[in-house]
Amino acid sequence: MTNIYTPYLAKIKKIIKETHDVKTFQLELVNPESKKKFNYQPGQFAEFSVFGVGESTFCLASTPTRPEVLECSVKKAGKVTSAIHELWEGDTVGIRGPYGNNFPVKQLKGKNLVFVGGGIGLAPLRSLINFVLDNRGDYGNICLVYGARTPGDLVYKKELEDWDKTPDFATHITVDKSAGNWKGTVGFVPVILGEVAPGAENAVAITCGPPIMIKFVVKELSELGFKAADIITTLEMKMKCGLGKCGRCNIGKVYVCKDGPVF
Amino acid sequence: MSKQFSSENIARLNAEILVKCGVDLKECYQCGKCSAGCSSNWMMDYRPHVIMRLAQLGQRAAILASQAIWVCTGCEICSARCPRGIDVAAVVDSFRQLAVAEDVRYGEHDIPLFHQYFLKETRDHGRVRELPLVANFKIHSEHPLSDFALGPTLLAKGKIKLVDDAKGSGVNDLQELFKLKV
Amino acid sequence: MSEGFTPNLIGFFCQWCSYLGADLAGTNRLCYPANIKIIRIPCTGRIDPQFILRAFLNGADGVLVSGCHPGDCHYTAGNYFARRRMQVFKDLLNFMGFDQERLIMTWISASESKKLVKVVEQFNETITRMGPQKQLVLPTR
Amino acid sequence: MPRTGVFVCHCGSNIAGKVDVETVAAKALNFDRVVFSTTYKYMCSQPGQEVIKKAVRDNNLDRIVVAACTPNLHGKTFQRCIKTVGLSPYLSEMASIREHCSWVHTDPDEATGKAIELVRLATAKVRKNVALLPLNIPVTRRALVIGGGIAGIQSALDIAAAGFEAVIVEKEPSVGGRMAQLDKTFPTLDCSACILAPRMVEVATNEKVIIHSYSKIEKITGSVGSFEVQIKKKARYVDLGKCTGCGTCTEKCPVKVDSEFNLRLSTRKAISTPFPQAVPNVPVIDPHHCRYLTLGKCGVCQKVCQAGAVNYEDKDEIIIEKVGAIIAATGYDLFDPKKYGEYGGGRYRDVITGLQFERLINASGPTGGEITRLSDGKTPKTIVFIQCVGSRDEQKGKPYCSKICCMYTAKQTILAKEHIPDVQCYVFYIDIRAGGKNYEEFVKRAQTDYGAVYIRGRVSKLYEQEGQIMVKGMDTLLGEEVEIPADLVVLATAIVPRREARTLAQKIGLSYDQHAFYNEAHPKMAPVENLTLGIYLAGACQAPKDIPDSVAMASAAAAKICGLFSRDFLSIDPIVASVAETCCVGCNTCVAICPFKAISMEIRKDRTGQERQVATVNTSLCQGCGTCLPNCRSRCISLNNWTTDQLYAEVMTI
Amino acid sequence: MEYAYYPGCSLHVMSSEYDVSTRAVLARLGVTLREIPDWFCCGASSAHMTDAVLTDALPAKNLALAVKVNQRIAVPCAACLHRLKKTDHKLKNDDALLKNVNESIKDNYQGNAQIKHPLEIIQDDLKTEELSEKITRPLNNLKVACYYGCLLVRPAEAAIDDAENPERLDRLMNLLGAETINWGFKVECCGAGMTLAHKESIIGLAGRILNDAILNEADCIAVACPMCHTNLDLYQDQMDLKRKVPILYFTELLGLALGLDYNSLEIDKHIVPAKGMLLEKGLV
Amino acid sequence: MKNYLLTEEQIIALFNAAAEHYELYVPVNSENGQVFCWEKTARLDKMVPSNIQPTASIKKFFFPNSEPMFGFKKEKQEIELYQAAASVPRLVLGVHSCDLGSIKVLEALFKDTVDDELFREKRQNTVLVGISCSAKDWACFCSQLEINSRFSQDGDLFITPREEKYILSVTSAKGEDYVNKYLENGETVAGFTPANDLGEEETFTLDFPKIKEVMDSGFELPVWEKFARKCINCGICTFLCPTCHCFDVFDEARRERGARFRCYDSCMFPEFTRMAGGYNPRSAKAARLRQRYLHKYKYFVDNFNLIACSGCGRCIRHCPVNVDVRQNLNILQHSGSEGEDD
C-alpha cells in the first residue's frame, strides 16, 4: 500500500552556494516513473524531505521549460533546512509535490511584468522569470526590483548579471545595508520600487518576500496605479502535509497549500 | 623455620575472612595500635597486629593453633581504635570459630573448654547454672583444684546455688542450633 | 530478569566533575560495565529533559545524569537547577509511561572514581533486572 | 558540507592492547559523513599529528574525530593540530576510547564494540560543530593574592618584580601566616622569623604591593582578565595611617584574652598586634572583648595614644578592586585532636600539638623559649612525640599523609634537645616520610646526634598517672607493648584545609577535593592552576606542603600570571550562550536563572517600529554553563559548542 | 514507664544483689520492670567467640520473647546488653539475616526492640530534678572511681556512652553527691568472661585497674555490670594490692542515696565487704 | 433498512462469530476506572454498555494519535522506502450517534482534493456498530446539531435495546454484508421506528446559521479575548474532539532505520503555526481559540457545508478550566445583534 505522503526519491546532482545561508540544490528524481509524474508550473512548491529529520516546504525555483534541472533554493533557518545544508552531492532526499497553485502564466501573456522580490523570495519569481524568458515572445517588458539585507544575501548573483544584460529586462538590485565593495543601490525594496516607478499600464506585478516587505510593496504598487487584481503575491506559511489536511497553513477558509501560495 | 608464602593461601584466607566477618585484611597497614591497646597482649603468643599480619600472609594454621585467639577477652579496644576501621575483634572471633569448627588442636586448653561447658549449660537448660558449670569445667580443666577454697565462700554468700532448676521452657526450639561436641 | 539482556545505558556527565571522575576511573584502571556510553556536557544544568526523552526513545534502557556535588557546581548553581528539573521530569516520565527508575541523578566528583564504578554497577544491575525499555515501534515491511 | 576524518590512536598498547583499532577505523567509515579513517601508534606525537594534517589536506576534510585518550588530556593538542592546516579548532572532537573504554573494560570484544559506539557518538557531534571564533578579552594587569602567608607574600613579590601590581587580602591583622608561628625551620634549622621578617618588610614597602590586612573577600564577579573583587576591611579601630606602632596602648589595656596566635598558651590584650614583627605593625581592637566597645567604659587606649590613632567609631568598609588574575594562598589549619578520646581528647594539659610546641620553643613565644609543662611549669625530661595524629586515619581523621609532620617532629626533637640537654625524646611513627633534599639525613641526625628514640607503632592510649602522661604504645618491630611515662606529649596533628576554605572556594568558583583542599587543574601538568580560568594556587591550600614547596609553587603561580599579563588580550574559548532574538518572547526566565547574571533584557525595535524586549547575553560574563538553555521556553538560547543540535546528534546515535 | 526486663544468667544467681538493687531502685523511681518469661542465656562471649550461628540466634530469640512483653527492654548486664544490642543492630540493618535468624529460632522478631541499660533509663527517661528531689541521703564525702569496662562503651552500635571518656556514671554519682576521680582505667578491660576460665587474666587485668583506683584514693569502685563486679571483687585476696577496694553496683549506691534499706540491697553478698567503709562515710 | 430482533446471546454470538477475522473493540473501564475507552478483546461475553461515552473519540480508529506513514532505511547516500502493512479488519462496538455523525466531517476532509489512503483504508476496514444512547449528560448537546442520540444511520450496524432483547438495524452495505455472513437464523422485525430525542430542550438554543453570520461579519470581536482568558492552551479539546484533525508530521529514526509519523497536533498550541524564522501569525491565545471556533463553525461550513462538531461534549466535559463551547457560542450568537453584554 502506498499513500499520498510518500515522497519520490531524488538525488542531489549539484549544490550551489548562493549566500552564507542559502544554497540551491539541483535534484534528479531517481525513478523515471516519478519523473513523468512530477509536472509543475512556476509558482508551485514541493515538500523536501531529509529522511530522519523531516520535511520542509520550498518553492520550485527552476522552470519546467528547462526539464533537465529541478531546483530548490534553501535558506538555513531551522532543523530541516540545517540538515539540508549539510547534504552532499549524491545524497538521496525525498520530494513530494508539486503542490499549490501556480502563476497564471496564460493570463499574463502579453503583459508587462513587474517582479518585486526580497531575499530568498526571488526563488519562485526566478522560476517565472526564466519561464518567461524561455517564452520571450509571449510577454512584454520585464522589470525586476530585487533587494536583500546585505550584498552577501543576494541570491542567484550570476543570473542577476545575465538578466541585467538581457534586452527589455530592467533589473534593479538594492541592499538594505551596504557592505564590502558594494557599488550598487542602497535602500529598502518598496522605496526603490517607488523610485524605479514601473508603469502600471498593461502590467502585472508579482511579488514575493517577507510579509512586511509585501505589505509595503503592495501599498507602493497601488500608489503606482496597480489595481489589486494586477498584483500577485505568493505567501510562505508553515506547512506540513502540503495537501490541505494537516490544518497548519489554514488562514480563514483557505489552506495556503492547496489554495495558494499564489494569490 | 622460615614461613612459606603462597599466593593461593593468601588469596584464600583473605577471601575467607572477608566472607566471615566483612573485614578486608589487606586494609591493615600494621601500625600496631590494636596491639598497643589490647587488654591481653601481655599473655599472647601473637599480638593482634601480628595475627593480622599472619592472616594477610595466609598463615591460617599458625593462627588457629595460637594461644592468642583464646586469651583475647573480646574487649574490642582493638576495633574501636583501629585507624583503618578494621574490626580486629571480629577477625579474632572468626579464627576462634574456625578453630572450633575444624577441631584443630587448640593453643590453649581451659578457655575453649569453658566456652563449651558454658554453651552446654545454655543448650540443656536455657540458662547457665553456676554450680554445674563450675564443677564440669573444673573437673576437665588443667587446674582442677585451683580456687577450690573459694567454693564455700561463694556458697555462703549465695553466689552459687546448690539446686538451680532454672530452665527456659522453649529450650527445645533452640536445641538443634547447637552443634556442641561435649 | 530477561536472560542475556545487556542494557543500553547513557551517562550525561558534567565535564568538571563526573566526566573527570570517569577519566580517573580509567587512569586508576578500575573496571565497570562496558554498556554505558558517557556523553560529555558542560554542566548538568545544560541537560534538557528532551535529551533524556530522546535517549529513551532511541533505545536507551537507562539514563544516568551525574554532576558535581551540591554546592560544588563549577558554575555555582547549575546542578541545583538540574536536580529540580530532574525531579519534575521524573514525574513527567512516569506520566508518560516510562519507569522513572530508569533515570537517576547522582553526584560524582572528579575524585570519586570508585563511587562512579559503584553507581554504574548498581545502575546496570537495576536496569538489567528491570529488563529492556519499551521501544519505539518502527513499521516493518 | 561536513567531511569527517576519523583517527584512531593505538596509544602504544594502552588502547590497541584491548581495542581492535583497525576494526574501529573500518567501522567508522560507515558512519554518516565520514570519508576517511586511519589508525596510528601515537596520534598525539609529532608524526601522529602529521598523519592528521596530511589527511585533512589530501581528503579535503573539514572536521576530525580523534579516538584516543580523554579530551581533557589532548583535546587542545588536536585542536592546535588542525588549526595549523587552516581548520577551525572547534571542528574537532575526541572519543575517549582509552579512559572510558580500554582502561576500564576487560573484555576486548566489548571494548571494541564500545569504542565503535564512542566514535559514532563523536562523529555525530562533530557533524554539527561550528567553526567558532575565539573571544578576545582585555586583561587587567593586576593580581589578587588571597592569603598573606609565605606563599602569598612570595607570589606578590614575584608579580611586583615583573612590574605588575599585586593586592594581598589577609584575614588576620598581620601577614606572615603559619610561618610566623614557627621557631626554626627544617631541614636547615634557620630561624623562621629571620627569613620571613625581611620578606614581610619587603612586601610592606613594595609600592607595587597593596596589603589589605584584617580583610575578607566578600564577593568576586567577572572572569579571567577582569575580575571585580569586593573586599570587606574589618573595622580595626586603629587608624593605619596615624599609628606609629609604639605599643603603649597594648601595654596599658586592662583586658586579657587567650592569644590565638600563641594557640591559647598565653594571653593578649584587647588591643594588640598578634606578634612583635607584625606587618602592618598596627594593633587591632578585638570588639568582643574591648571594654569600651562592649560596655562603653574604659577608653584607656585612646587616652594613651599619642598619635590619636584610636577610633572607636571605625566601621567595616567595602573596597572594590579590579584584577585580572587571582592567586589563592590561604594555607592550612591543624586538625583538632579533641576527636582522639584515647589521647585525652584535650583534657590533659601536658598533651599539646606540634604547633603549640613551636610557640613554646619560640624565643618570642609565651614562655620566652623555655620548654615547660603547662600543668606545673616544670621542665620536661621525657617528651613523647606522636606522629600521624589525624593523618592516615580514616576513622577519626583524614586518610592522607600530611607530609610535613615527620619532618617537623624530627626538627622538634632536635630543638628540644638543644633547649634541654638531658631531655629524652621518643617518637612514635608508622613510617617516616622524608623525601626531600637533605630530609632523610635530617631525620637520621635527630636519631644519631640528638638521641631521639624512634618507635615504630601507633600509640593506643594516653592516661594520667601520678603527674605523668602514660603513653601506651606498641613497638611493632620489637613486637612488644611499651609504656612510657612522659612529662610532655606532643601530637603531630594533621594538616587540614582552612576552616573557611569551602566557603571561599564557593565564593570564587574554585574547585576543591573532598577535604576542601583546592584542586589543581592537572596533578602533573598544571599543578598551580585551578580549573577556573584565571585562578591559581600557591602553598598549603592545595595540599599539605612545607615552606620550600609553598614558595616554589608561589613563584610558579606568579610566573603563570606574569605570562598572562604579558598580553593585552586574552584569547579564550567562545563557549558562551547567545539568544536568537527573533523568537525570544522576553519572558525573563533566563535572566533570573543565569548563575552569572550574564543575561539582561534589552528593548529592540522591529522594522515596523514595534518595541519588544529580548534577552541578550553578556559574553564576558557568560561562563557557558548552559543552564539557561533548557529553561528558555521558546528554546531560543543556544550555547556554542554544546548546541542542542550537537547534543541531540549524540543522543540520536544511541 | 514500663520495661520488659532481661536479667540474664548472672543476675539470676551469681549477682542476684544487682538484680535486687536494680529492681528496688527502679521501682522507687517509678519504672516498672516486667521480667520476660522463659528468657534464655544470651550466649555471652562463649557463643560469639566460638559459633557463628549462635552469635545471633540466642540474642534474637530473647529479643523475640522480650518484645512480646514490651518493645522497651531493660538489660542491666553489660555483657547481655552488648550481645543483644549488637545482634539487634545487625538484624535491623540486614533483612536477609533477620529472615534467616527468624527461621532458625522459629520465631518472628521484627527488629523493633529498644534496648536500654538501667543507667540510660535513669538518665534519659527521668528528669534530673525529680531524681535529685528523691535523694534523701547524699553520698557526700564518698570518693568513687567509676568503672565502665568494655562492653558498655564498645562498639559504637552497642555503646551507651563515649568509647574513650564516658561520663554517664560520673554524672550520676556527682548528682548523688559523690566525688568521682579522673583516672585512666575507666574503659580498660577487666578480663570479662574469663573469671573462671583464665584466672591469670583477671588477676593481671583487674589488678591494674584496682591499683590505679587505689592510687587515686578511691573509696570504692562503682560498676554497672555483673562481670566487672565479679572480676574486680572475687580475687582481691590473691592480688598484690595496698588495700582492698569495695566494688559497688551503681544501683546500690543509688539505692542508698534514695534512702533504701541497707539490708534490702543485699550489699553484704559482695566478697570484699563494703559495710565498714559505708558506715564510716555515714551512709548506713 | 433491515431490522432484526435478537436476544443477548444472539448478539454476542454474532460478534464473536467474526472474531477470527476481525479485531473486536468494546468500550470498557480502564484499570484505574477513570477512563472509559475502547479496548481490544478476544471475545465478547456480555452486552456492551450503552450509556457511557468513551473518553477518546472514534476518530482514533481511522486517525490514530500517532501513526507511521512509511518507513525508510538509509545506507550512506542511498535511501529505501517501504510502507507499513495494511490494517487488520476491525469491529467497533458501542459507538454513540455523535461519534458516528462526526465521521462525515473527517471523511470529507481526508477525501478532499486528494484521497488520504491511510484514513480511507482504515475506514473501509472497520465495521462500526452503533448503540442507542439514552443518558445524555450535562455536557452533551448533540441534539442541537440535529444528531439523534437514540438512533443513527451513519454507522454500519446499530443496536437499540427493546425490552429483554435488542433490535439490530443494518445501516450500510458493509453492515449488510456482515450480517449476511455471520448472522445465523436472525428474526427480522418489520415496522421498527427508531426513538428520537431531538425534542429535549436545552437551556438555550444554538442557532448555527446565526452563529456563522456573526462569524462571517468580522474577525476582530472583543469576545475572543474574553473567551481565551480562561483557556490554558492545553489542547485537550482538540485531542478528544472527534472532528478535530490537525496533525503534525515528523521523522523518528534510530540510526539507519526510521519512519515518518503523523500525530495529533492542535491549533491551540503556540508552536502550531510558528515558522522557522520565529514569526508566528497566531501568537496570541485569543487568535488560536478563535481559529478553533471559526474552523469548526464557519470555515468548514464554507468548504464542505458541514459543521465540524457533533455535540459530543467532550471538549466541555474534559476541559480542565471549564471552557464551555456552548456558552461561548451562545454569547457569540447574541453579540452579533445585541452587541456585547458583560
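Couple of notes before you dig in:
Going by the order they are written in, the chains are A, B, C, D, E and F; count residues from 1 in each one.
In this section, a contact is a pair of C-beta atoms (placed from the backbone, for glycine too) under 8 Å apart; a residue touches a chain by one contact, two chains touch by 3 or more.
Small disclaimer: the values here were computed from a predicted structure and weren't measured.
Between subunit B and subunit E, the least number of touching-chain steps is 1. Shared contact partners of subunit B and subunit F are D. When each chain is reduced to the average of its Cα atoms, A sits farthest from subunit E.
More inter-chain C-beta contacts link the pair A-F than the other of C-F and A-F.
Set against the C-alpha centre of subunit B, every other chain centre is closer than that of A. Subunit A and subunit C have CA centres that are 47 Å apart.
Centroid to centroid, with C-alpha atoms defining each point, subunit B and subunit D lie 50 Å apart. Computed from the mean C-alpha positions, the centre of subunit A lies at a distance of 62 Å from the centre of subunit D.
Residues of subunit A found to touch two or more other chains are 79, 88. Of all residues in subunit F, those that touch two or more other chains are 70, 83-84, 253, 258, 274, 277, 279.
Residue numbers of subunit C whose C-beta contacts span two or more other chains: 58-59.
With chains as nodes and touching pairs as edges, the resulting graph is of another kind, matching none of line, ring, star or complete.
By the definition given earlier, chain contacts exist for A-D, A-F, B-D, B-E, C-D, C-F, D-E, D-F.
Put simply, subunit A touches subunit D in their complex at residues 15, 79, 82, 86-88, 212.
Partner subunit F is touched in their complex by these residues of subunit A: 1-7, 9, 49, 51-56, 77-79, 81, 88, 90-94, 211, 236-238, 240-241, 243-248, 250-253, 258.
On subunit B, the positions that touch subunit E within their shared complex are 20, 39-40, 42-43, 71, 73-77, 79-80, 87, 93, 96-97, 100, 110-116, 118-119, 121-122, 126-130, 133-134, 137, 146-147, 150, 153, 157-161, 164, 166, 168-171, 173-174, 177-179.
Listed in rising order, the residues of subunit D touching subunit A in the complex are 1-2, 33, 127, 607-608, 645.
Across the interface of their complex, subunit D is touched by residues 162-165, 182-185, 212, 215 of subunit E.
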